[in-house]
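Look at the two complexes coming up: chain A is in both, with chain B in one and chain C in the other.
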Partner chain A sequence: MTGSLLSIENLSIGFTGLNDQPIFIVRDVNLTLAAGETLGLVGESGCGKSSLLLAMMGYYKQGLGRLRGGIAYDGQDPGLVSSQQLQALRGGGMALIPQNAGQALTPTLRIKAQMVEVLRLHSDLAPGAWHARCLALFERVKLPDPEEMLERYPHELSGGQQQRVAIAMALAGEPDLLLLDEPTTGLDVTTQVGVLSLLQEICRDLNTAMVYVSHDIQVISQVCNQIAIMYAGEIVEMGPRADLLNQPVHPYTQGLLASIPRLDQQTLPHPIAGEMLQPVHRGSNVGCGYAGRCALATDQCREIAPLAQPIADRWVKCHEVTAARAGEFIRPAQKLLAPNLSDSELLAVEDLSVRYQAPTWLQSLRGQQPPAIVRAVSFGIRKGEIKGLVGESGSGKSTILKTIAGLQPSLSGRITLSGTDDLAGPVESRPRRCLRKVQLVFQNPDASLNPRKTTGEILRRPLELYFDLGPGVMDEEVDALLQRVNLPESYKGRFPGQLSGGEKQRVAIARALAAKPELILCDEITSALDVSVQAAILKLLLDLRADSGVSLLFVSHDLAVVETLCDSVLVLEGGEVREAGSCAEVFKNPQHAYTQALLASVL
Partner chain B sequence: MLRLITRRLIFAVVTLWVVSIVVFSAIELLPGDACQAFLGQMAQGKRLENCRVEHDLNAPAYARYSKWAIGLASGDLGKSIKRSKPLEEIIGPRFRNTVILGLTAALVGIPLAIVLGALAALYRDRRADLWISFIAIFCMTVPEFIIGTLLISFFSVWLGWLPGIVIMRADAPLLDVLSKIVLPVMTLTLVMVAHIMRMVRTSMIDVLASDFVMMSQLKGVSRLRQVVMHALPNALLPTINLIALNIAWLMGGVLVVEVVFNYPGIGRLSVNAISDRDFPLVQAIALLMASLYVALNLIADLLALVLNPKLRTRGAKV
Partner chain C sequence: MSSAPAMLKGVMATRSGKIGVVLVGFHLLLALMSPWLVPYDFAAQTALVDHAGPSLAHWAGLDTLGRDVLTRTMLGGREALLVTIFGTGLAVVWGSFFGVLAGYLGGRIDELIMRSVDIFLAIPWMIFLLLVIASFGNAPIVMILTLGFFYGIGVVRMARAATLEVVVKDYVLAAKARGESPLSIMMTEILPNVRDVLMVESAMRWSWMLLAFSALSFLGFGVTPPTPDWGLMIANSRIYLALAPWPVLMPMIALSSLIIGINLTADALAKSLGVDKTTRALV
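Presenting the complex of A and B:
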């Protein structure tokens, strides 16, 4: 196509699996991008976004390659040019801003050396002008103290600063196309807002084209005019931002938007049933890749791959466009009901302080104390209450959880359960009765579930530990637990490696439930999941609370999730409570400046 | 940073002090004393008495220890029992020979190991890598004396290019030494290169797969520069201590190699000292070796500090 900066035709990326069958990571992607245009590529993790983005630079991860199709940047195919031309293209024509800038900067080289490298390769500046150019670029990306930054090593910068350096480095070659791979994922919300507004500014001022990859459609909609929705390696819908956000057509786009928790909505996000198949499992699939999860799927969907159909300014890959546009398959959002909480307090935390390091002998000699990570925190949780704990990374959220669980000794303060049980001591010194009552679920189920034990064995452990059950009752109990977290009984025999991320997290929750706890401590348990799966876990937690009256202490950095799920919330900054109250009050009418800043960063 | 270095230095000095006490008391705890051990059957009467007087053995242990320690600190190693020369003159030239041999082997071997390790990683699982790794594993599993013997039979017996054994006085001039040690250097190099190269390869493979090497590639940096500037320095960090250990091993005088090539180095001297039951000499060599290990480890740690910016930062804990 002429006139476009980048055009991709029928591109498929993947590898050849067993039996010489091609395994598609990216399948039949078509897109074009004009100069100065901004395109957002949205999809769940593993849908092939990064692979597609890297292919634009002619780069394929180890073991992957182009199976068919064409890429043209400025009329040239990066896969066919000479290595000199390719080196000029990379960093000069198009530049990558990577997901994790901290790992993408070379640890043994000063920032300056890494910046200058780009200038030497991709600019006509004389060596004498490099320093000034670096400073100008750093001011452009609003790095504080540019002179000083140049002399530092990557690890001496904060996450946000590293990301800004990566952006400056990408801009140094004055590229016509910026490729961004989740550049704000992993940053704190307030930092993310700063980086996003910087990117908007750059687009506006320099008229650089962008392809922005993210799992977060709200982030994309901040920066991009065009949005492409990717599912299982294919782009299923693509069009102008407003059209896609306001009237999504493809069933997956609709499902994705419905599953995002939002502030001020008082409704439960709507999960999409099931999970995306891994590339090896969808290999021979000839029909629509979404058919397994789609409420509108017909036999035709399973047998024939839908072709792209234009609808006004966009196109959609779906057989049932008419039915999808009617949009009736997504049930109206469930209103959240305020629960009737009893007044009896389950957990009381008073004046809790925690620190990790003991004072060194030198410090104790001088009468100094190492800083406490958590300072004088007090709060209570009632029976059946779900309490949210929010704050940026490093604010002490997980530390509080670990202290309540007895994994981390406290410095001072009291923790009491049900008014009588003292939880001050470490896990080893707690009576079994106390241990049973408080259970912990972690962010990463891969780390917390033993990979060599089946689901059934994992669930049997706490049952053996806390209850004296006969073998028959034990099996019934395991089945009941699986049922409560909506997993089929047949999953008993599976190992964690055979489960998807959402399913593993369900098993972890079931393990906590096995002890019949009164309080479950949840540490970012949905952060590693895709939104469509997260919504299902949130619903599960609400159902569990309604059934058994268990209380939850729910740590999250996502305010919208906390507002959806929790009855009350505690805002933490630098180890101190800044604000506490019911979710309705705190989110509608935040009093503390920090809470206000946090809320303002929610997209 | 400065505090860290001071701490390391103090630690090194304390280690040496402890070692000196251990070495001294080990000999002290043997039945009899140095003169009795040396004279053996003839240890009686006037002869024993003279020997004891000459080596000052009649003083109490703590006095002898402090005299010895003070002497050491000022570079006086003491006196040999068997040879009437001061120990410095006995140890000096032989240690020099070992250092010459070891340094030459290190100067040839370490860069070679790094280059080969990097190449093997770059051509991972391809023919170059398979050959390099095969030869390395061969050299690692075959004992030094067999490698030495193989080299002798090939280069001196078969080709007749190089002398099979070293014939020289311990205090031969430097150039003389250098011209005679080609085969011992080759033997040591082969053994050492294998170990270091394997580790460089492993470490380099990890680093080549890292985000920052991929990023440098996507910045348009040439392959050579990616490898030399971005990958290699990071791949070498974990190998510094292994390299130091290898140098210490070389400096300790690789006995087998010295014996095979008849090389007058410290390794053979220490064996002779033990068979002569010349305890002052044994003591001095033991302490020399200990100081060498401590010093090389110290240098390795400081080098790691210089090369790894993460350790250098203020307030970083090591």
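Presenting the complex of A and C:
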């Protein structure tokens, strides 16, 4: 196609497996990008979006290569040019902004040295003009006090500032195309908003084209005009932003959009059944990659790969477009009204303060105290209540959770369970009956299950510890637990490494349930999961509460998730409570400036 | 995750691993069977023909005292293997016990254990060993205990380092929050997850200990003559190296092939278990 800056035709990336079978990580991707255009690539983890992005720069992760198809950037194929030309292309013609800028910057070099290196390689400026150019770039990305920033080391910058430096470095070579790999994923929501608006501005003012990769379609829709949805290595739907968001056609796009929790929604996020088959496991199986999870899948879908068919301005890879457009297969459930909670308080936290370090002898000599992470926090949880704890990183929300679990000693304050049990002490000092009542589920399911134990062994352990059961009853209990978290009984013999992320998190929840707890502490338990899987876990938690009346303390940075799940919410900033109340009140009518800022940052 | 047969399979998957297993297996078999296989009595002297080269009667020739070199080489690894196998076992057991303890408990106990380790590491072990042997003799049990003790010191450090990586994992935290006893956490949550590192480490320690034992024998502290031993054979015959190389070459080949075999096996094991040997940590 003429006039296009980047065009990719039938590109497949992967490796050759046993018996010379090609294994695709990315398959049959077609796309074109005109100068100044912005394209967002959306997909779940492992769908091949980063591999595709890197291939645009002519780079393949170790072991991967181009199996077929072509890439043309400005008429040149980055896979065929000489290494000198490629070096000029990377950083000059196109520039990559990585996910974690903090790790992409060299920790031992001052920012200035790193900026100058880029200018030396990718600009024609005389060395005398480098300093001024650095300052201009830093002003461009709105870094405060550019002079001083240049003299700092990367660790002296905040996460948002590091990302801005990375953007400035990418802009140094005046690229025509910016490649962004989840550049805001590790940032707090309020910081993310700033970075996104900066990117928008840059595209508008400099007419730079952009390919933006993210798992978060809401982030993409802030920045990009064109959106491509990737699933299991393929682009399944691609078109202009408004069309795609308002009238998604592909069943996966529809499912993805329906699974996102939103603040103003009256319905529950609707999970997509199952989890994505990783491109590696698809092997050379033809047929639609989504067929296994699709409600509309027919035999044709399972056997024949759908071809791209145009619909107005976009195209879709689906056999069942008519049925999909009818859109009858997703019926989100209405949000449940909060149950009538009894007034009996299950957990009372009064005046809790926590700090990590004890004062050093020098500090105690001077009468100084190291700063507390949590300061004078008080709240209560009623029986059957789901309480949200929101705040940005460093607000002390996980610390509060760990203190209640007895893993972090408190400085002062009282924690009481059911009015009588004292939970202020460390876990070693608590009687077993107290331990049983409070269970903890962690953020990262990969780290919270012992990789050397089977699911059955993991679930049996709390039963052995807290209850005196016969061996027959024990097995029945384990089966019942798996059933409660919607896993088949056959999973008993599996090791965590044989489970997907969502399945691992279900096992972790089942382990907590095994103790028949009264309170489950949930530490960001859905943030490591894909959004379509997250919706299923949220639904599971609501069901469990309805069944057993267990209370949850749910820590999250995601306000929409909290609004979907929780009855009441506590907003934390810098270890102090800024606002507390029922979810409806706090989210509809936030009183504190910080809560308002947080809500304004939700995309 | 992997059982012993699975581990062997993993090792055998690489070519160097295969060579290693064959070499180690050959030596172990030889050590077990050699008393019934050797052609001559190890102490029998053939009068007047000392330093004879290889002949049909004596394939590897005769040594200074006219004893059959092949016989002595075949028997020469028995005590070395006995001492080092049990010594390595002892080193790994006590070393990993204290290493995991220090890594898990942390604080004062960690300080106490690790500073003691530092003190022992500062002592030149060879001299200390000679002292022990001079006082208690060189019976295999003495050798096993002293070598096992000294080689366990390094294991403590390594097991502690591996434990520190596992302790911070959420499943250990979950076990603590559940109210598990420290012993149960160490045995069921930590030990299975540092086992791979320990396996590779013990294979490496075994080869080092073999060298150390041979060095002791070379110095005359390992085994008592006339019991054949590789280190001792080298020591006794080295002055005649130019005249009669066989009595030195044979034990050298035997010792090197065993150590190369162990190292190849350890490398292959590390590779198949995903343990990075340079950092001694799970990759």
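Just so it is clear, the second predicted complex is superposed on the first by the 601 of 603 C-alpha atoms of A that agree within 3 Å, B and C clash if a C-alpha of one lies under 4 Å from a C-alpha of the other, contacts with A are read in each partner's own complex, and residues count from 1 in each chain.
FYI, a residue touches a chain if its C-beta (ideal position, glycine included) is under 8 Å from a C-beta of that chain, and two chains touch if they have at least 3 such contacts.
This structure is a prediction, so every number in the text was calculated from the model and none was measured.
Visitor: So, on chain A, is it clash or fit between chain B and chain C?
Guide: By the criteria stated at the top, chain C and chain B fit after superposition, with no clash.
Visitor: Could you say whether A:62 touches chain B, chain C, both of them, or neither, answering first, second, both or neither?
Guide: first
Visitor: Would you check which partner chain A:405 touches, where first means chain B only, second means chain C only, and both and neither mean what they say?
Guide: In the superposition, A:405 contacts chain C only.
Visitor: For A:98 in the superposed arrangement: first (chain B), second (chain C), both or neither?
Guide: Only chain B is touched by A:98; chain C is not.
Visitor: Contact-wise, after the overlay, does A:452 reach chain B, chain C, both or neither (first, second, both, neither)?
Guide: second
Visitor: Tell me the contact category for A:90 with respect to chain B and chain C: first, second, both or neither.
Guide: first
Visitor: State whether A:435 touches chain B only (first), chain C only (second), both chains, or neither.
Guide: So A:435 only meets chain C here.
Visitor: Consider the C-alpha centres of chain B and chain C from the C-alpha centre of chain A, and write down the angle between them to the nearest 10 degrees.
Guide: Once the structures are overlaid on A, chain A sees chain B and chain C at 30 degrees.
Visitor: For the superposed arrangement, tell me the lowest C-alpha distance between chain B and chain C in Å.
Guide: 6
Visitor: Which chain A residues contact chain B in one complex and chain C in the other?
Guide: none
Visitor: Which chain B residues qualify as touching chain A in the complex?
Guide: Going by the criterion above, the answer is residues 209-222, 225, 229-230, 233-234, 237, 307-310, 313.
Visitor: State the interface residues of chain A toward chain C in the complex, per the touch definition above.
Guide: 405-407, 427, 430, 432, 435, 439-440, 442-444, 447-453, 461-462, 465, 495, 497, 511, 515
Visitor: Would you mind writing out the residues of chain A in touch with chain B in their complex?
Guide: Those in contact with chain B are residues 54, 57, 59, 62, 86-92, 95-96, 98, 100, 103-109, 117-118, 121-122, 153, 155-156, 169, 173.
Visitor: Write out the stretch or stretches of chain C touching chain A in their complex.
Guide: 1, 169-171, 173-174, 176-180, 188-189, 192-193
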